[in-house]
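In the two assemblies presented below, chain A is common to both, partnered first by chain B and then by chain C.
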Partner chain A sequence: MKKLTYFPGCSAHGTSEEFDSTLKLALKTLDVELEDIPDWNCCGATSAHVMTENLAYALPMRNLVLAEKLENTTMGIACASCYQRMKVTKVHMDENPELAKRINTTVVEEGTYQGTVDVKSMLQYFYEDIGVEPIREKVTKSLAGLKVACYYGCLLTRPKNITKFDSPEYPVSMDQICEALGATATEFDYKTECCGASFSISNTEVVLNLSGQILEMAKESGAHAIVVACPLCQSNLDMRQPDIEKQLGVKYDIPIFYITQLMALAFGYPASQLKFPKHIVPVEGALANIGKIDPEAEKKIKKPIKAVEAESEVE
Partner chain B sequence: MISLGSQGKNTFMEAVNIKSGANVLECYQCGKCVSTCPVSQYMDFPPREIMQMIKLGLRNECYMANSHWFCLTCSACSGRCPREIDIPAVMEAIRHLAIEENYVNDSKKVREIRKFHEIFLEMIKRYGRNYELRMMAEFNIRTRNLFKDVHLAPKALLKGKIPLGVKPLKSAKAIKRMYAMAEKLEKKK
Partner chain C sequence: MARVGVFVCFCGANIAEYLDVPQVVEEVKRIREVKYAVDYKYMCSDPGQGLIRDAIVQHKLTSIVVAACSPRMHEKTFRKALSDAGMNPYLLEVANIREHSSWVHQKNKKAATDKAMDLCRMAVAKSIANEQLHEISVPVTKRALVIGGGIAGIQAALDIADARIPVVLVEKSPSIGGKMAQLDETFPTLDCSQCILTPKMVDVASHPYIELIPYAEVIELQGFVGNYKAKIKKKASYVNFKTCTGCGACWQKCPVKVANEYNLGLDKRKAIYTPFPQAVPNKPVIDAEHCTMLLKGKCGICAKVCQPGAIDYQMQDEVIEREIGAVVVATGYDMWDPTPYEEYGVGRFKDIITSLEFERMVSANGPTNGVPLRPSDGKVPKNVVFIKCIGSRDEAKGIEYCSKICCMYTTKHTILLHHKVHDSHAYVFYMDIRAAGKGYEEFVKKAQTDTAATYLRGRVSKIYKKGDKLMVRGEDAQIGQVVEVEADLVVLATAVSAPKDNPDLARLLGISYDKYGYLSEAHPKLRPVETAKAGIFLAGCTQAPKDIPETVSQASACAAKVCGLFAGDTMKKDPMVSTINIEYCSGCLNCINVCPYTAIVTDEVPIGHGSKELRTVAYINEGVCQGCGSCVAICRSMAINLAGFTDPQIINEIVSI
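After this line comes the complex of A and B, so read on.
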């Protein structure tokens, strides 16, 4: 049994509750026990670093300090935005002890920051600490027939010098996990384009535009569904999808799954435990493709071959 | 007004470089950031122009532009920048300096973006965590846009997508103290 310190993030009790609960199902099968950080606080998300530098470091630092009190040396974070804030804080604090000392004056009761806990996104944890093969071994119900576009968003792999994970341009970790589950990952060029993120409420027009392009490209890649590992991406692509369709005058009907929902499904958990009714775009149509394999159509899908660091490839 | 000649020293660029840890002078104006940026079409000045404006010492113009408010910190630009300049950090430095020096862009969009972030930070100060429903309601009230996204509410609430309440932190006091300490640090600089 492996142990992992877990930071769920605020949305795990709200908009992304299905991510949190299916993550726990998947980890149960993979024999990982989660240990919550006691009385964790919000990481500050986008707003803290937009408005002020000190708070943007202080809020994550309190969680890091609390995590250091637990025995585990790795902290897994479900939300991509929390992951980014926590990792940025960790990297900057470790690089600059002077800064760490200054910020630590704001974290009074919890203790001194040591820098002993590693920070990983759950996707990174699945890929690096568990591995694609052990995930494949646990599959009892293959997802063969389901075509998915794996969408990573901005925060899971960028900036490269902070995350040090996968490719900032064309990541493949989620694709490989989906393929291990039996699904087919399509060649999807908008893997790391931004969905509009925190503008969901304050600048909705931008989100409709950016998320609309992602849906369009996913549809064009031949995918039945999009797979994500970020709560904000999920809610922008799912909850805003009817508005996007209305604005563009098209019908996408692409459900947005969390990677953990598909993992739990392939590990044999019944659909009733996977919180599908929470989705705004119904999932049934896409899931009906599982088990249906059409050899002719199969040939037409372009498959991702390998990670390319397409640093010079800009349109 | 270009202040470089008269003062002989570009103090604005120095401030941005120190705050961001980047060296703006390294930018050779290729424009890759502009073509990469998902929101450059909404900006008064796209990133490439902002970089040049910093070099020219155009402090007021940089502060008053909406560019740094529209930056989503997606880091697509810096990943592709051939000079590897941390452009989101530069945008953030301009924003923080503008806030510190009380420059206010009063356009409707920037006002709304700023209001959203302020409300979000208030939620954390009060509860230690984000209270999604209340945040959305407060945003609508304070931007005088009562019916924004109301059409999403029935489905989202019924499906339990957005919960009605929030479980506040046990050590909510620690967060309030953190806010006070962070403010003190801000003033010390």
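After this line comes the complex of A and C, so read on.
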């Protein structure tokens, strides 16, 4: 059994509880045990880093120092914002030992920062440490028939020089995982557009507009549902969807799944364990497509698209 | 006793602002041998040189120190001043108090002044031991090598050859013509590129003074100015050019299709091919990477259909040597690859093309017969968005510099689009319109009026697909809003970048290149076509991005430089070369190993006076020696002397500080 240090973040105990619980189900199937960081604290997002540099680094550093006391070399983070703060801190501290020493004086009681624990988002962990093929092997109930638009948001792959994961503009890791589950990932150009993030509370209008465009493009791509790996993306697209529909006068009816919910579903867990009632937009309509394989998608499965066009051909 | 004159230059404010020039003068006056010292605003100017000339006569000076800029800048100028006053020019010493002091110590005037004084003291001390030296004459091989057969290389070769100087023109690809042969029309006059270029290509092939070596690369250059030896690798073409008539039977029958480089992969060529119908020489070559006969030994159709029997599958690469006196490097440029613009979906969306691809499409001999077509569905586009500065002026994703030609060729493209598709509409996203050049601004204004193209000042942030259209989202900074344009085709004005082989070529030739890979000129203003290595010149985009008129001007300038170099039968050379005192030479020959110019050979001399027995000693060819001093440092018998840098001179310098 693999072990992974886990930083759930505050939202896992609130709005994104279904992310947390289905993540644990999926990892159980993949034979990974989570170890919580003892006495973890807030990552600081999104207020600390606009207030003071010291606080912005010290909060994540305390978690990093505590994580170093566990034996695992990787920390998995569910929330994209937490991941961002933790990763930025790690990269900046590793690049600049002087800065690390200075910040460390704030969290001196917890110990000395070593930089021995790597920080990954759960998406990155699934993609790099587990791998697409092992995920495919665990599928007992294929999601074939379900078309999904994979939405990464702004933080999971950006900035490129910090995350060093996938493409900052057109990432494909989640698409590949969804395809491994049997679903079809649509060609979706709004993968990394802004959802409006925390403006949801302070300036809802902005979120209605931005998230509305994402829903529009997802629908345009032919998706039955959107898949995310970020709690804030999920809440903006799901919770605000009725308001968006009202504002734009369009009915979208697109449920927003966490990638882990689909994984757990494909791994054979009953729907009753996947916390679907927590969703604002009902999921049943989208899930009804599972098993309804349209002939075109079938053709695609049988005949995969050629990756690179052959360089030369002989008549 | 030595009588030294010291002349300290202000260099305007370049030196005077950062160090105390009068104080330097006062300090050097305290040196016993200094009989005259003076400062002046611009010592290199005629009145400045006059000061030197007059002082030499008036004060009966025996050596001169000029404290000014780098000797690479004005050593020649001041040597001439000495000559004009009847003094041996090599009695001059330059103390570089600009690059070595005022420019690098701008924040500490006291330290800069002290350092300038030290530099002057050293130069005075050295000059006391200076000896009269005389220029060396070396024979010149009057033949030029031109590397690269684009418009720059073609123009340079023709101009040199017209002066009846033999030229060897080496081109990497099977035909000369370069990027210009891929263009449809040229700005700002809309001349047909082929019509003005191909006659010049034919002239090259038929010129009695030009030896054209296509499909070949320079692999080695040895020697020095006037006496270079170049090794040229002729790549196996598998076609005997002497017997081939260029009839075309072979490429018509060849069954292998390969992406056509000339049309940037927009269509296919055969494995035996000429790059384009107007190619010079108009002889095909076999692409060994794709020919099934060469790869698997199967096919052989081209040999069967070739009437003159010119196909030779056994042909090997061949290395030939040419003795030459000067080199013109004209390796052109590469188009920058826009793949890093992921937010535009480059590589994902077929209907995003580069400007050169657009150029090929609108060319009459292009893959779409002169009509731009969407690569996705072959339809004629109506709304075309041109995005400028792709890679240019982009520190994050591309290169910092302005590529100089994109504003103009994009303007040209809006006109060509308007000519080919009358009901089309062009949108141009731009940062600035840079139209400096004869007739350029007028060209842009006229194009904007005639084509009614919509110019939007701002960067494009994203391109996404909606149905079969591309949605281009960008900023219109003039109204301060985000705009979206529904496009059928998007054309990226990709940057000009240095040829990727340039660093390798620069090492091979022994010249320098900048951080982008462009070859460096000797001086950005006053020696823009020369490299720091004597006898090697630069033409065209290999030095920096430039348009055709500028390229042609620079190529002609190179030709003038080459002709000037070859004006006499011999060439003058600085006398700072090493000589060996064979009395001291033990014949260890370590000097041969360290000499980077292969200027040292062995010689046999009698053991003693009148003796018949011989011993081996080293001998330095002063024509080849560049005066680097490596041999002096390695010689354990101290038998080698470098004129102008003798041991007494160096020891004087050291003792003086």
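By our rule, the second predicted complex is superposed on the first by the 295 of 315 C-alpha atoms of A that agree within 3 Å, B and C clash if a C-alpha of one lies under 4 Å from a C-alpha of the other, contacts with A are read in each partner's own complex, and residues count from 1 in each chain.
Heads up, the rule we're going with is that a contact is a pair of C-beta atoms (placed from the backbone, for glycine too) under 8 Å apart; a residue touches a chain by one contact, two chains touch by 3 or more.
What you are looking at is a predicted structure, and each value in this text was computed from that prediction instead of being measured.
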Q. So, does A:220 touch the first partner chain B, the second partner chain C, both, or neither?
A. second
Q) So, does A:280 touch the first partner chain B, the second partner chain C, both, or neither? A) first
**Q.** Superposition-derived comparison: chain B or chain C, residues of chain A touched
**A.** B
(Q) With both complexes overlaid on chain A, does A:71 touch chain B (first), chain C (second), both or neither? (A) neither
Q: For A:46, select first, second, both or neither according to whether it touches chain B, chain C, the two together, or no partner.
A: first
(Q) In the overlaid three-chain picture, which partner chain does A:190 touch, first (chain B) or second (chain C), both, or neither? (A) second
Q. After superposition on the shared chain, which partner residues are touched by A:98: those of chain B (first), chain C (second), both, or neither?
A. neither
Q) Should A:168 be classified as contacting the first partner (chain B), the second (chain C), both, or neither? A) both
Q: Go through chain A and flag every residue that touches chain B in one model and chain C in the other.
A: 168-169, 193, 311, 314-315
Q: Give every residue of chain B touching chain A within the complex, in rising order.
A: 32, 35-36, 38-39, 42, 70, 72-76, 78-80, 86, 88, 92, 95-96, 99, 109, 112-113, 115-118, 120-121, 123-124, 128-130, 132, 135-136, 139, 148-149, 152, 155-156, 159-163, 166-167, 169-171, 174-175, 177-179, 181-182, 185-186
Q | Complex contacts: residues of chain A adjacent to chain B | A | 10-11, 13-15, 17, 39, 41-42, 44-55, 58-59, 62, 102-103, 105-110, 154-155, 158-160, 168-169, 192-194, 196-199, 201-204, 206, 210, 235, 239, 277-280, 311, 314-315
Q | chain C residues touching chain A - in the complex, by the definition given at the top | A | 255-259, 271, 290, 292, 342-343, 345, 348, 462, 464-466
(Q) Can you tell me which positions in chain A touch chain C when the two form their complex? (A) 167-170, 187, 189-190, 193, 217, 220, 311-315
